[in-house]
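I'd like to ask some things about the structure below.
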Amino acid sequence: MNAATLLPPLLGLAAAPLFSGLIAKLKARAVGRQGPPLLQGYRDLARLLRKGAVYSRDTTWVFRAGPLLSAVAGAFALFLIPAAGLTAPVAFAGDFLLLAYLLALGRVFTVLAALDTGSSFEGMGASRELLVSTLAEPALFLVLLVLVTQAGELSLSAALAPGAGAHALDAAAPLALAAAALVLLLLAENARVPVDDPTTHLELTMIHEVMVLDHGGPDLALIEYGGALKLWAFAALLVGVALSPAEWHPAVEAGAFLAGMAAVAALVALIESSMARLRLTRVPQFVVVASVLAGFSLLLSFV
Amino acid sequence: MLLALILVPSIAGALALLAPSARVRWLLLVGAGVTQAALVAAAAARTPAPVFGGWLALDPLGLLFLGILSLLFLLVVLYLGWPGAGDGRPERTFAACLLWFLASMTLVTVSQHLALLWAAIEATTLASAPLIYHHHSRRSLEATWKYLLICSVGIALALMGTFLLALSASGGAADHADPLLLGRLLAAAGSLDPDVLRAAFIFLLVGYGTKMGLAPLHTWLPDAHSEAPSPVSALLSGALLNCAFLGVLRGWQVVAAAGLAPFAARWLLIFGLVSIALAGALILGQRDYKRMLAYSSVEHMGILSVGVALGGVGQFGAMLHAVNHSLAKGLLFLTAGNLLVAYNTKSSREVRGVLRALPVSGMLWIVGFLAIAGMPPFGLFLSELTILKSALDAGRFGVAAMFLALLALVFAGMSTIVFRMAQGEPADTAPPVRRERWQAVLSPALLALGLLVLGLYVPPGLGRLLENAAALLGGAP
Amino acid sequence: MILLASAVAALVLGGLGAAVFGRTQRQAAAWGAGAAVLGSLLGLLALPGPLLRATTLTHASPWSVPFGSILLVLDPLSAVFLLATFVLAPVAAWYGASYLRTYERRRPGLPWLFYDLLIASIVVVLVARNGVLFLVAWEAMTLASFFLVTFEDERAEVRRAGWTYLVAAHLGTAFLMLFFAWLAALTGSFDFAAAPGAAALAGSQGWLFALALVGFGTKAGLVPLHVWLPEAHPAAPSHVSVVMSGVMIATGVYGILRAILLLGPLPGAWGLALIVIGAVTGIVGALYALAQGDLKRLLAYSSVENMGIVLLGIGAGVLGAAHGSAAIAALGFGAALLHVLNHALFKGLLFLGAGSVRHAAGTLALDRLGGLAHRMPGTAAMFLLGSAAIIALPPLNGFAGEFPAYLAGLRAAAELPPGGRWGGLLLVVALATTGGLAIVAFVKAAGMAFLGRPRSDGARAAREVEPGLVRPLYVLAAGCVLLGLAPWLGAWAVSAAAASLAGQPATPLLDAARTLGVVAPVLVAVIVAGVLARAWLMRRRRQAVADTWACGYDAPLPRAQYTASSLVAPLTALVPAALRAGVQHVRAPAGYFPAGGRVRAEAGDAFEQRVYRASFLRLRQAAERLRLVQHGRVQWYLLYIFAALLVLLLVEFGRAR
Amino acid sequence: MGALLEIVLAGVVLVNLAMLGTNRLKSCIRFVGVQGVLIGLAPALAPGWSYGPRPVAMLAIAILIKGFLMPWLLLRAIREAHVRREIEPFLGYTASVLLGAVLSAAAFGFAARLPVAAPAGPPFLPVGVATLLSGTLLMVARKKAVTQVIGYLVMENGIFLFGQGLGAELPAPVEIGILLDLLVAVFVMGIAMFHINREFDSMGVHQLTELRD
């Protein structure tokens, strides 16, 4: 294992809150507000980590395991994603399956933790989260299938290696569609507008936030951090897909990666600031669109 | 020896009329049964010499059916020993007719002369009619009347068939003063007039088929079986139907020897499948559990016909099936007798929770059902599989599929009824739990044991006998 | 082979001993469970050779029944399924020994007799190589399990379940009888010859395989042949559900695999067909599972789903073999076998957990449970672990089993010619969809039963069950963890069998497992590090206990919690109407001061109601019409005779001259 | 001799029609007796019949049983059972006679097509079939149990004639056995009739429809 390959994941671990902060900042700027400082995410985490914790008398160890596992899963996921022209530290045939199921691991325990409180609000959040994630699961796999069949490789690192998507220009169309699907999935899986709004204050309309109502202190910090890691992972994946046809000098690759991440942040901020939240009943359709895009892309890459 | 086989029960029957008490009559019955069984065992060990110029002789086919008959009879009379005795007490006429019934059926199995065979089969009708009327109720009377009339008419047609058989022999090599001896007919089969032979077989098939219970000629059967005392039903179903079947088989032997097997097979197959289908339809949702068993007999007569018709290994299967069916039906009817005594109703809807109220009978009831439905490890599974195999050997996939589908239909229908009766809590009106008499469950239990053994092990002696019997039908296993 | 024979003998004798000498529950359990443990240990001793060195043991002796012979062969394929049997049977018996004590029965030995017979017949099914012997054992298996299913026959729904099961099993067996008889008609013997070859089968291969698929598929619970399964499995006592769900339905899979070996290489179209059937089974099973309100019914539907996953693997295997890709074949078959083993472990664990729930809380209705994690922590932890395993969360064994299935699908999608590619694609998408739905089902099961607050008095009064009902769970859970952390163990066990099916050494399977074998421990290490870090972080931190925050409302009732049905309502609303067959009984509150209202919802099975029950009713109606034949008028009866005679004469002689 | 035989056989057919036409039970039974005598005589009139002690004895036994014993049994049965004397048809008398005539004609036609009918020989076969069909008609188209027994006897007569026509010569013991069977059958049916009348207040078989599905 090349030690350099550890750099992107480590960067992710360090910079994930910054990435979230960047989105918030850009989003605020887009609507003409000042927005929170870029490093607000770190401050929040630090503050939360210093706090004590209050646990509901109805909760069990599951409640405590939820935040931890979602953070651990998110952190581990970063090590599976190739970035900046380097292979991922953990790369093997079928590694993206592990990625998908790690995300599922975090999600399942977040949902279970929500159910552990016995609160009707958190149950509601759990129900919605299950709906969205169940629909998103096939879409994610369709996108991954496109990548794998395009490259004929079973490992993400190989499929997204520099130039892997370059063998033919006609691959551009499926890749573009896959990337589009991935954008939608990124929004859906990370509780972003238009699927969910992390900044809303009305519990009845939330999905993700309402699930974590009862968490506080370090647990909440873990949840926030895990969320940031997951967002980073999706963004990195998206950048990887977008850049896979190119083959540059390593330094250029690194720069391109950072630029790509910034572009994703800008894209998310743009979407969030220009769109309203969808009605909850429309959310399934949104996710299904992602599946359709990915399916269409798969069709294109097959024929 | 052959004469003794017939005379012992006949004389015992006459004695039974004179016997002073039920106990003595029962001893007479058991004595006759044991003697008969012993004689049959001896006959199986060493084939007895033909008598009356070959009119009476015991070929493997006859021996097979005779063996079933005597075994079943013995177990039935043993069962009759307990005071409740299912629902049949050995009264004077009852005991006498039972013995004469045995005698006439024995005569059927040993007749080698087709006219004598006819007379014997008619005699079985007459000897058994009073048995069916044993309860002296309106319903049993109706059943008896239908039995008498329908079977007599049917058998009359068989007589016509017998005449035609004689006619087919005229002018040929068998043109003899007495052409109806089976051996002569078979020997001269090649010279028989095929057209007349076909007509003869049709009459024999419809005639004996009526008595055998092939649909749509079976109409008397459910009535008689449900109204007769259960031990008698066991004999009717397990022995009498076989005798009628033997009548058909004798005709088949001649026809097959004359090279007309395909023609006869066609009709046997049609009758067989129609019987299974109709029985299945009438079992579905049947309300009277004895009638259900009766229809099951129709079904199994159909299976026998199909087996014989398919030829090849199917005929071996049919012979094996005849044995198994008789045992299973004996078991079921005797158990049904226990239920009838305990619950005093034949309605399957009013009987509940037998497993809890009468544990042994309940278990036997379920075992009997599983056996009759062709579940392993009971014998009928093997015979049905053999028959199925013969259908596939012959490339008759449609027949095989239909056969299985209809059996499944019967299974679904019967299982609904049987388990609804056996399982659950007994209704409030049900009899209190009490120890069942060992006499009441001994015979059925022995039958169940026999079925289990036949499902896991076919004794070589029986296997040889079955093979020889099947060989007579023109099929080698 | 002598070991296996003595295992069967021990089981049969022990069962009989329980029935004869078992006067008390304790004696009966000693005989019955003792025999199961002893028999399984003996049996396990016979397995290493076939599993690891691919040796084959044979025993042949004549049998006097028609076409029968005692031909027993222990090959790697049999050994894999035997392994599952011999692991699950003693654990389930151990559990049953305590579990059955809660029932008062006049003959406590009978359930043990049937239990031991069930195990014994499964063993014989797995080694029999003669059609007759196989069918006898097969039906013995059905019968033994039938009597176990109807153990609580005083309940009407149990009787109904038993009947459905028996009839379904019988129908399935009818297809098998046809299959074996036909095969025998072609090959001349009921003994399974080693692959008679496509030439001997001529054009019959497809038909034969279709028969086997229907017959064995009924046992395996493939949609739409599954309807008996969600009825029967919940009706049986839990330790029996374990054997039925973990091993018995797997014999259906075994049958399909054996048929593949018997019938020779199948064309690729069958691989596609199997994948389609597997996809339908998996998705429909998972959909129904997540809609269930009864914990054991949910688990039963999940068994349907998992058999679908197994079939996906088999389909990939057939596809790979047909296209000459030994790697895909090995991965597919290997994944199927691995999943069978894994499923036995986690489904056993879950059914035992469900049994404990019923034992403690008196109900299995998810809407009446809740909060059991506080009251029975051991059981809850094990159930959660089982749930995590069954939804394939890494690093547990479920993931280790589905991983090679995905790989097979992916490689098929990437490497095979067009026909095969679509199969691979469908496999991956179906597996992912199934997985997503299964997550919902088990989040619901575990979350509603064990987490939150109790929704009924029964759940409130629940206490941890006795050790005899908890410890068996630990054993199975340990198996789940072990096979998750060391997937190469499982792959190793199935590799010989997979190789025999694929025709090539199962190297890709072992490679994949080895990779996971590195990653999974690392993941565990990371998680453990996280746990330690958190503990370090939380040390000397103020931790308070309070009520759940209810957004300002200060008296949240347990009844205000989300219920099991409301949790999945948004998803079930998306299910196509054709698959929905639920019934809702609503008594709405009325008046100005309503006294109360009621809603009772049941998730029915559309296949059961619209296909099977409907056709049975139609059959009944047709039969009702035929009943008119037997109208009681003797004159007409006589006419029947003459009509029959006339018809016969006319047909035979009408045309001539 | 041949002419005499034909007259006898014609008599058999006429008796058939008469039985179908009569509405009185007793005369119906007497007609059966007459038919029994005629049929018993018929073989003696057929060509090729050899006189001798055994054939004559057989003839006598057959005539005795069919012509006298059976009618006597039946008459006794209806007397003891106090059966009303009417026949109670399902199908009217005239219609029955007409149908009987049509069936008889059909029987002649049918017999002509049989491969065995010697055209010159005595018309045993057609008469036998006609009698058989008339018996069937009696059984099917009448309500009373007695008429069904009568129908059965007529049918048997027909079969007997048919057998004669086929030249089927049965050994004496068998023939006697068959006759005895018949006799016992009538005896048993008579007993059953007696019980039916007692139980149902009439011998109408149409009431026997309790057993059905």
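Letters A, B, C and D mark the chains as written, and numbering starts fresh at 1 in each.
By our rule, a residue touches a chain if its C-beta (ideal position, glycine included) is under 8 Å from a C-beta of that chain, and two chains touch if they have at least 3 such contacts.
It should be emphasised that the depicted structure is a prediction, and the values quoted were computed from it without experimental measurement.
Asker: Point out which chain occupies the most central position, where each centre is the mean of Cα atoms.
Answerer: The most central chain, going by mean C-alpha position, is C.
Asker: With centres defined as the mean of C-alpha atoms, identify the chain lying farthest from subunit A.
Answerer: D
Asker: Name whichever of B-D and A-C has more C-beta pairs touching across its two chains.
Answerer: Result: the pair with more contacts is A-C.
Asker: Between subunit A and subunit B, tell me the centre distance in angstrom, where each centre is the average of that chain's C-alpha atoms.
Answerer: Measuring from centre to centre gives 77 Å for this pair.
Asker: Indicate the whole-number Å distance between the mean C-alpha point of subunit A and the mean C-alpha point of subunit C.
Answerer: The separation of the two C-alpha centroids amounts to 36 Å.
Asker: How many angstrom between the C-alpha centroids of subunit D and subunit B?
Answerer: 31
Asker: Rounded to the nearest whole Å, what is the centre-to-centre distance of subunit A and subunit D, using the mean of the C-alpha atoms as each centre?
Answerer: The separation of the two C-alpha centroids amounts to 99 Å.
Asker: Can you tell me which residues of subunit A touch two or more of the remaining chains?
Answerer: Not one residue of subunit A touches more than one other chain, so the list is empty.
Asker: Specify, in ascending order, the residues of subunit C that touch 2 or more different other chains.
Answerer: Within subunit C, residues 627, 630, 634, 638, 653 contact more than one other chain.
Asker: By the touch rule stated above, which residues of subunit D touch at least two different other chains?
Answerer: 139, 148, 205, 208-211, 213
Asker: Considering every pair of chains, which are in touch?
Answerer: A-C, B-C, B-D, C-D
Asker: For subunit C, which residues are in contact with subunit B within the complex?
Answerer: By the definition above, subunit C touches subunit B via 63-68, 106-107, 132, 135-136, 138-140, 142-143, 150, 153-154, 156, 159, 162-163, 166-167, 170-171, 174, 177-178, 181-182, 184-185, 616, 619-620, 622-624, 626-627, 629-630, 634, 637-638, 640-641, 644-645, 648-649, 652-653, 656.
Asker: If we count contacts the way the header does, which residues on subunit D are in touch with subunit B in the complex?
Answerer: 115-116, 132, 139, 145, 148-149, 152, 155-156, 159, 162-163, 166-171, 174, 177-178, 181, 184-185, 188-189, 192, 195-196, 199-200, 205, 208-211, 213
Asker: Can you check the complex and tell me which residues of subunit A touch subunit C?
Answerer: Contacts found on subunit A: 49, 52-62, 64, 68-69, 71-72, 75-76, 90, 92-94, 97-98, 100-102, 104-105, 107-108, 111-112, 115-121, 123-124, 126-128, 130-131, 133-138, 140-142, 145, 148-149, 152-154, 203, 213-214, 217-218, 222, 284, 298, 302.
Asker: In the complex, go through subunit D and note every residue touching subunit C.
Answerer: It comes out as residues 90, 113, 136, 139-141, 148, 205-206, 208-213.
Asker: Flag every residue of subunit B that touches subunit C in the complex, lowest number first.
Answerer: Touching subunit C: residues 145-146, 149-150, 153-154, 157, 195, 198-199, 202-203, 205-206, 210, 216-217, 219-220, 222, 263, 267, 278, 280-282, 284-285, 313, 316-317, 320, 355, 359, 370, 373, 375-377, 381-383, 385-386, 388-389, 391-393, 400-401, 404-405, 407-409, 411-413, 415-416, 419-420, 423-425, 455-460, 463, 477 of subunit B.
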